[in-house]
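Okay, got some structures for you below.
Each of the two complexes below includes subunit A, the first together with subunit B, the second together with subunit C.
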Partner chain A sequence: MGSYKTLSSSLNWPSGLGDQGTVTLVTSVGLGANDGTVLIPHFLTSAHEQKLPAILVSFTQTYNHYLHIMRKMGMAKTKFKFVNALATTMVGQKEGGLESLPLVTRPDYTLRRGEWSGFFQWLSDQTTIAATATATGAAAGAAEVEQGGVVLVVDGLCSLVDLGMDISEAVWFMDCCRRILGSKGRIVVGVLLDEFTEDLVRELVRKSHYYFGFTALVSGSSRDISGQVTVVPGQLYCQLQNLHNNSGGSGREFKPLVLHYCVSDTNVQFFSPGQSHIVL
Partner chain B sequence: MNATGLSIRRLAAYQQYTAPLVILSETVRQTALPLQEAMVRESLARGMYVIAVCLEGLPSSDIRASPLFRLIDQRPTVESILSVQESSPSSSSYLLPGLLKRTDFARLQSEIEDHIRRAQEGGVAANGGGGGDSRTGVLVFVDSIDRLLRSSRVSTLALLRSIRGSMGNSIKSRLLIRFSCDAPVRYDSSQSKSAGVADSLYTANALCDLADAVVDVHPLDDLKTWMPGWYSDGNQPPFISLRDNDPRRGLVRLEHKRQSGKIGFEVATFEIDPQTRLPKFLAVDVSAGSQLPQHVVPASGSALAPQAGASSAPPQANTAATAAAAAAANTFNSTVVSQAQHASLQPSLDPAANLSFNLNLTDRQRRDKASVEMPYMDAQMASASGEPPSDSAGTVAGDILYQLDDEDDWDEDDPDDDLEI
Partner chain C sequence: MSSSFRKRVPAGQQAKPPPATRLNPHSAQLLVSTGVPSLDDVLGGGLPVGGVLLIEQDRQTGYSNTLLSYFASQAIAAGHKLCIVNADQNVDLKAQLPGWASAVRDPAAELSGAAEANKEISKGADDTDAMKIAWRYKNLPKISSGDNDTDNKTNNNSSLPGMGTEVQFCERFDLSLRIPGDVVDKAQPVIIDGDAISIMASEKRYDGDMYRCVLDRISELVQDGFSSLTPLKPNTERTILRIELRSLGSGFWQGSSNTSILEFLHELRGLLRYSYAACVISFPVHLYEEAGVRLPIVRRIEHLCDAVIELESFEGTYASPADIVARQTRTDAAASQDYHGFLHIHKLPRLNSLTASMGRLSLLHTGGGSANNLAFRLRRKKFSIETYHLPIEGGTVERRVPGKEEDKKAQGRQSVGKGGVGCGSTPGRKDPLEF
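Entry: the complex of A and B
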């Protein structure tokens, strides 16, 4: 189970991840505690626990930012590849500028403006490596290896819209990633939801299987509760449901729900509304 | 309400109505994909050929496994993604022209019409080439036309018009389109980005004008907002709420243009049967004076049909014609369900229904609450009746007793005396 056990059990996700071939959309309203990026360590750690290759593509932060958070939460051993997409915001960046960084913080790939084909090729290579590793593991009789698949986490896709990119292009980026990852991969996309990105979020909801909406409490601010998250099916979930029915029913049905959460310095707790430790 | 049955039920069952072009209009809060796939399954169950034009994703595996299914795959391949040409780093557009290349509409139209012709010829051969309309029905469905509209709106409308013409007026031929009516993206990338009426509104109007039937899909929670007497509380609704995008049920509003020129409107709820995965439709009465959704009375005028499998005797009002009509309706598996089942489809009106803690009162708590005497109720009741309260000391109930301070200067004059009214 992933780092947030309550969340995983509430969602009926034993592995802490959605099904293979799915897209999970995480939206955040406002800044600060209403930030859906609290789920990024969960997905990366869950992938690591399931021995699945994880890739984090960030359009908003550097690698050190996530490394620092993971260390504070005790997830420093989680291994994942980092793609520095923050470089897309830079124009005229000198080649090799990142070589001065220490190896431990150097990104595995740098996504620059106008070089998406190179990224897609790199992503395709990672998918091939993961598939090969799965085949090797299956041949060796390793039972604990899940059936392959790369977990791709994209943070801040809405930044492309802020940079003037058309919504259809940003959606195409996700479509291409999904096509490359294939039916085994999983994609998690994190965006900010406001009046400028609402159109992008609408398009992404149509292409997602799960939707996590992080918002502030309706009743107002609270010291002990950072916000609430609404989890509902995305528009493609019905096809997933049909797949479960066709396969005889795996017994794991996704349940829409509303949870409250509290962000502390080293942990994030999820609980049902009215079940915080203050109430109890 | 249509006393002879729901129009959308007949439409989905290919009964009575000819509708060569049907558009399923969806929003971000409720997708039409489950209903579209259920209608596709209904077509397959009736022996019709189904041609899928897939631009974004494939249909469910059970649909693809059918021998009557034909696929026109227009999705981008991994090879095409990896082989795209790079643009200049200083280009304002990240996106590489190859990914947004215009769709070859002529080729797509030719391919669709070729599939239609082969399907119809195959149906004639299967039926022995007999006289009359022995052609097998054909359903062409497009998973989402947004990508076509982005490429060229004019060409997309022309494509739909020509495919609709190829369908003819056969009751068993149909073009089924899913359209996102709240997608505000700019259609037809060749146009400049100018302010004004949103492109999606213009496109929605154009599609509605072209279509023979438009089915708007909404979440069930929207039903209460259509009821007379509902008012918003002024709070902004959430972007997506807990009951949105329920893949099993929803609310539909049908606008059907019949060949006679009449336009019919209908509101109904639908539920996807988990076993058969076919749609069931239930009527909804949103007319003035109705408080809650009601059942439609079947054509026989008898009581609601019992639940399938129940060992109850049929109503005495049943006639042979009614039984035949009921049997015909049952072939579509859209029976009128019992009120208990219908109630289960309605959103719960009890706000304390889905909480993790108990807010309900026990009988003793209700009695204690009812027996609590409000402290000033006695005085208020006495004020209303004009009688002094039982514990008063000669004062009139409801009076405000105020002791003037030394600094107070009580003026008995009317402050409005100087007004010349």
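Entry: the complex of A and C
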């Protein structure tokens, strides 16, 4: 099973991803199933289908967690690089860290708190590799290779606030990633929204092109529906649209929408409000 | 679509799971029991290894401590390593841990008389089958609560040749009993109490940060044979490390900043994910409230844990002091049947999965919508979690059919001129219309 086709068509995203050079912010509230992490398999798989290199940076879960989820959803063939930002200083010091893990579940990079320069250098190398591969593919006449960059998915950026960092540092981290990926790359940032991280989310919204807000159903709990997602253009999207219009381009119009969704182990289904009895 | 075919692996290469654990069929996650079968059911089969269960404590009562004592007893019963951290007070395990009630459960018997234990269990199973059960209920699964429960039966790894009786996944405990002191000593639990923490935190590198020093101590324990990154030594059996953190975040815990507890939980999660360890934390949430509203940090703490439940005792929340005293003096049988509080499920573990397993594996789950209709009850011998039911209207005493003596008394009051049989008559009172 591939990416979420219904969601892509509703958003008018043929590739399943936002435009190049954009930042997508995904927020979640609550502790239950109304969690924006259900979009992570979609973005990774969409990047894989477009033959774009994908990198997942997780502050909340291990590599094994995402592999299990994607295997259940039939996305086991999706290839992506994993950056471990959860288990940092204390894990396996005697055994040489996470390098002793099998190759299948071994993270490609371990992001240690405060050691940003090493990660940025690694990310820059990945971007360079992706650009080289794209140029090679284009030179060989491979028409299906999108002239695109790296798709970076960050899960749980709000954990930096838990670790005692200032909000400005978390925003600076995202800015640096965006500059490294350049105009071809795409960034997806997942954040848990609550009173503790509200200021961080406000800052990130100002620097985003698309905003996905996962919440519980307004009408209350439901047996069939896990929650609802509100998708609106971010502040930077308007600037992007103005550039398109001024340059005479006909950029795809992005319309705000509200969708309901149902989460199961093997699938996530999106549908318009009130259409659950048709879809499910 | 995932394939159902599995590669055949020789028996010698099969990884043997640690004792008293089982696999969650939906998430391939290793589970351990909390010691309370109904709580295992609520969590979807048990507590995931590598996960953290947060118990939001009840105020002014000690039901959460009962859950923690079950967890510790289960650790000793299963042969797991136990570590208890309590910054509030010294820990006296021998006086707290409930003993096991099963006649089969005897460490010495398991080592030498395992076959006899199997016979006794199988005899019990035969007796169960001989019970007459209505056909519509016969095939329903039974929750673990007594002798007839299949979950409490000995778990035999018949796939591995030569294996005898395995340790039970969840032992049956009796709150009126205590684990013998020599058994507790033999288990060698690691206890880090307030004094030890204060001494460690006074070191220069910690600068009074109790969270950091406890985290370092836990890290040392994990790396001492419980890390999943460490290859298993030959002729050794993998076991589980159970960690209890009692009243984390109470006034006795001192950190370097307001977010020390968040940093602690984040690092703990990263540590446990690569270990054969499970952690239960009790958290005094009522200390983090202002005017009845929870502080924002509580939600962050809940996010950093894999499962969150809350015990809301009736005595601590709704009862006045007079009610509490009156309750303690009640001697009627109805008092023992009362619920003692609500169990709220705020978060269920979702390791290796997008959804929680509770809805599919739980017997207490209503099968749809919120599962927050659960209540707990502390009986003389056990602690249980049940679906909350309102009592019968009017109570059981009022609806009782009166006996013969009461009938005679009622008839005596209904004589002519003294209450009569007129439509306006009232038994025991003079009918004003009678003449």
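Note that in this section the second predicted complex is superposed on the first by the 258 of 280 C-alpha atoms of A that agree within 3 Å, B and C clash if a C-alpha of one lies under 4 Å from a C-alpha of the other, contacts with A are read in each partner's own complex, and residues count from 1 in each chain.
Quick note on the criterion: contacts are C-beta pairs under 8 Å (C-beta built on N, C-alpha and C of every residue); 3 or more make two chains touch, one makes a residue touch a chain.
The structure presented is a predicted model; accordingly, all values stated were derived computationally and were not measured.
In the superposed pair of complexes, A:65 makes contact with subunit C only, with no contact to subunit B.
Using the contact criterion defined above for the overlaid structures, shared-chain residue A:194 touches subunit C, although it does not reach subunit B. In the superposition on chain A, A:86 makes contact with subunit C only, while subunit B stays out of contact range.
Contacts of A:223 after superposition on the shared chain: subunit C is touched, whereas subunit B is not.
Once the two complexes are overlaid on the shared chain, A:164 sits against subunit B and subunit C alike. Within the superposed three-chain model, A:125 lies out of touch with both subunit B and subunit C [touch as defined at top]. Residues 88, 91, 164 of subunit A touch subunit B in one complex and subunit C in the other. The touching residues of subunit C, counted against subunit A in their complex, run 1-2, 26-28, 215-216, 219, 223, 227, 229-230, 257, 259-260, 262-263, 265-267, 269-271, 273-274, 296-297, 299-300, 302-304, 308, 346-347, 351-356, 368-370.
Residues 27, 29, 88, 91, 112-118, 120-121, 124, 160, 164-169, 172, 175-176, 179-180, 193, 198-199, 201-203, 205-207, 211, 213, 215, 230, 232-239, 241-243, 245-246, 256-258, 272-275 of subunit A are the ones that touch subunit B when the two sit in their complex. Chain contact summary for the complex, subunit A toward subunit C: residues 1, 31-33, 37-38, 60-62, 64-65, 68-69, 71-72, 74, 76, 86-95, 97-98, 100-101, 159, 161-164, 192, 194-197, 221-223, 263-265, 268. Listing the residues of subunit B that touch subunit A in their complex gives 26, 28, 31, 33-34, 37, 56-57, 59-62, 75-78, 81-82, 84-96, 99-100, 144, 150, 180, 182-186, 189, 238-247, 272, 274, 277, 355-357.
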